[in-house]
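For reference, chains read A, B and C in written order, and residue numbers begin at 1 within each chain.
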Amino acid sequence: MSADVAPLPAAHVPAADARAAETRALHRRKVWGKVGRYALLTVLAIIVLFPIYITIVNSLLKPVDITSRPPKLFPTDPQFGSYQDAWNAGHMGTYLKNSFIVTFLITVGQVLTAILAGYAFAFLQFPFKRVLFVVFLATLMVPFEVTIVTNVSTISDLGLYNSYAGLAVPFLATGFGAFLMRQAFLTLPHELRDAAALDGYGHWRFLWRVAVPLARPAVAALTVFAFLAAWNQYLWPLLITKDDELRTVQIGLKQLQQTSIDQINITFAGAIIAVVPLVILLLFFQKQLVRGLTAGAVKG
Amino acid sequence: MGRVALDQVSKRFHDVVAVDALTLDVADEEFLVLLGPSGCGKSTALRMIAGLEDPTSGTITIGDRVVNDVEAKDRDIAMVFQSYALYPHMTVRKNIEFPLRSRKVPSAERATLVQEAAESLDLGEFLDRKPAQLSGGQRQRAALARAIVRRPQAFLMDEPLSNLDAKLRVQTRAELVELQRRLAATVIYVTHDQVEAMTMGHRIAVLDHGVLQQVGPPQAVYAKPANLFVARFIGSPPMNTVTGHIDRVDGELVAHVPGGGLPVPVELAKAIEAAAADEVVIGVRPEALRFTDSNGGGNVGIPATVSVVESLGHERHVVCRLTDHQLVIVRQDAHDAAPAEGSTTLLQADVEGLHVFDAESGARIGD
Amino acid sequence: MAASGVALTPARKRLRRRERGLGYLLLIPSLLVFGVFVFWPLVHNAYLGFYRNPPFPGLPSTYVGFDQYKDVLTSQTFVDSVKTTFLFAVLTVPVGIAAGLALAILAHQQLKGIGIYRTFFSSTVATSVAVAAVIFGTLMNPSVGLLPWLGLTTNPTVLQNPDWALIAVAVVTVWQTLGLTFILMASGLQGVPDELYEAARVDGAGPWSRFWHVTLPMMSPTIFFAVVIGTIFAFQSFGQIDILTQGGPLKKTNVLTYFIYDTLQRQSDPGKAAVLAVALFLLTLILALAQIWLLERRVSYER
């Protein structure tokens, strides 16, 4: 057995009899078991990562190298020009900017309206509160496709066709966000509100000075979630933008693929550009994403 | 048969030593309690015996074989967890049956064994309920039934009573002891509650920071604690410990504490001389102290002021302050005369109730 | 609600009224958006279905009542589209959940450096539907793609092969959602108490038995959530179809969402599109309710 496998666990009490040999055999089996596990994990990781890896590699190769067979699996002479081309001639820079603007608008809108609504449901009393909450939840059941026909004409009538506003306005509120914030506010102790009232805090000040700071994890989770959803939107931007100037990154990428049909490296560079902002977002906010995802799962 | 032996067993997690060279021999049919504060390594030791953790070094023997490399399921032990760990989606019957199914016991036999186990723990009518529908005490019994159904060589219990309310705990304590005697089983029981240890165990093994402090029958550990840690841990209210020094007065050894002194019995005196400790800690249990009048008893006694009198109905705890404000607790029977709060008095100790420990090492001086 | 026995002074009444007003005020922004962009379209959409659009633009549309609903919903294209949508859901949801769960279990082991693998397995969460479709579309391209070279190809090529196109799109979808599914399953797995696994080990249960008797039952709420939400998402898949197959070949990937889009944009037939959208809504709703009704009883919620 080679000596460069994972180190054996610390030696057990050595006994100079047959039991020692059996022990050593068992350790050997344990070590191989560990090696096997790492091997399986690595193989699966390679399968999952392979498409992204190939995309990165191909984005750095010359088009002629991409089609060479056997395929090159590592860019020995990386060509970063494809990224420049994708950004400028391919308009990925513009698309990225548009996505950021629209996503920002939607995220801010959703978080704000969710905070307001969540607070109302959690701390205020008014008639038909329960009915209204059901109404909020009902919006989750209405699939997007049912609304597109009418929304397209509504947005056009408002003169917002082919504009940032048109891209963002229908999504400025979300039932899921209101649900999330209501849950978060409900977990705050009641006495906090009473104490604040005694101190002379009205609802508005209490909301922004006490409730929101304390519910920061939920706000963060909602922000990440809203950002992700807005960034990945496809059908609506497809329907509501005509000019290339206004395309978001998702539609822009489709466009790029069609215009760079022979230059796969540029298409792939565009794909990587589309992915990088999310990678950065998730590197920092992975925990919040999980919280947003599981908010529904745990309660069922 | 049901003997469990640990030989120099250690467990290290990175640079933390959870269990340090523990050597312990549990006899067949013995009820051994592993006692200590949280973090002392008792649970880790139990899990190593169970096979849920691998020791860093040392050998563990169950019955007549070394089990270091034997998997948990093949060690012929059963474990009762603090949270009971009942499978929530299975009925009580299926829970109890589970260990038998893994061993491919035929179904007719399984049914009989499950019935027996359930009945011996009064669970007959709950067999078709799910754990969520049982009370805490019933769940605990279900966990026990699951453990006994296999008739293992040894039972390992990890603080099984800590999730029960106080009254139920007292009742279940007795039931557990009864069960152990009935099954004639070896039980290794982990707890931080010294009352449980004292009332249930044949022997108590006290651990602190992974190191075995003392092992012995409850009375022995109580009467002759091996060091300061054991002395302070066992007994409620805890032993009074005061730093002092030993002097010769008129040819006799006297233990000097702030304000006064206590006579030292002859045997102890010899040991103290032999030990030649610089500073000592004097320990006297609350029940070994009594009040005297300031006049009687001569000048050997310890002046104290009565601070608080706590009446518990059948006994009384009197909290006093010595001349240097150290607290000392005296235990009285209810029919003894209660001193008045704020009064000054003299404390005397039973001659046999004196414990002396080396101030530096904490070790007991004397036999 | 008035505290019993406490008379409402005028001041208190004013306070109560103000609080009520504030409550409604805070909800108005959301309700406005919902009203205009969710509920009104829902109603309007049903109404639109009653109007058949003329073959030439510019002519008025005619009111036909439920006739259009009847015609569209009984048409072969619609029935095929529904079948395709269901097939797509069947191809993506169980596979996706099983894959996510398997990876989550593997990544739950106490190995050194397991965190890196967890990051790898969740990486596709950074990909969008468009990104995944563009990547795989290129990989499957018969002339320049890598996969044909690896032998993973059919004749005609996968995306133009009526028998394989939907499967290919399903594979892309499963890959793209793998990260999200993995994260969901992994956090569900963390909620399974270790002591249950230990009890099972002591009781003699091997790895498969532990999976079946501990992992699955304890994960059932999470899996249930994943199935319901996953089906809803599968029914709303659009981007990958638009980029990879555009509903073809031979309409074999014409899921309902694409059918609606195609009817709206290419055929400029909002009436028909509205009918299809209503069908999609009802289908999704009924399916979700059916799943909840059928499956929730088998979910064991720990109380």
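Rule of thumb we're sticking to: contacts are C-beta pairs under 8 Å (C-beta built on N, C-alpha and C of every residue); 3 or more make two chains touch, one makes a residue touch a chain.
Please read all numbers here as calculations on a predicted model, not as lab measurements.
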item: Chain centroid nearest the full-protein CA centroid; value: A
item: Best-connected chain pair, where connection means C-beta pairs in contact; value: A-C
item: Farthest chain relative to chain B (centres taken as mean CA coordinates); value: C
item: Approximate Å spacing (C-alpha centroids) for the pair chain A, chain B; value: 53
item: Averaged-CA centre spacing for the pair chain C and chain B, given as whole angstrom; value: 57
item: Separation of mean Cα positions, chain C and chain A [Å, integer]; value: 15
item: Chain C-facing residues of chain B, complex; value: 50-52, 71-73, 77-79, 81-83, 85-90, 98-99, 102-103, 132, 146
item: Chain A residues within the chain C interface of the complex; value: 34, 37-38, 40-41, 44-45, 48-49, 51-52, 54-55, 66-67, 69-71, 112-114, 116-117, 119-120, 124-127, 129, 132, 135-136, 139, 141-152, 154, 169-175, 178, 203, 228, 231-232, 234-235, 238-239, 249-251, 253-254, 257, 264, 267-268, 270-271, 274-275, 278-279, 282, 286, 289-290, 293-294, 296-298, 300
item: Complex contact set, residues of chain C against chain A; value: 1, 19-20, 22-24, 26-27, 29-34, 36-42, 44-45, 48, 103, 106-107, 109, 111, 114, 117, 120-139, 143-144, 146, 149, 175, 178, 180, 183-184, 187-188, 191, 221-222, 224-226, 229, 232, 235-236, 238-239, 242-243, 256-257, 260-261, 264-265, 270, 273-274, 277-278, 280-281, 284-285, 288, 296, 299, 301
item: Complex contacts: residues of chain C adjacent to chain B; value: 193, 195-196, 198-206, 209, 213-214, 217-218, 220, 300, 302-303
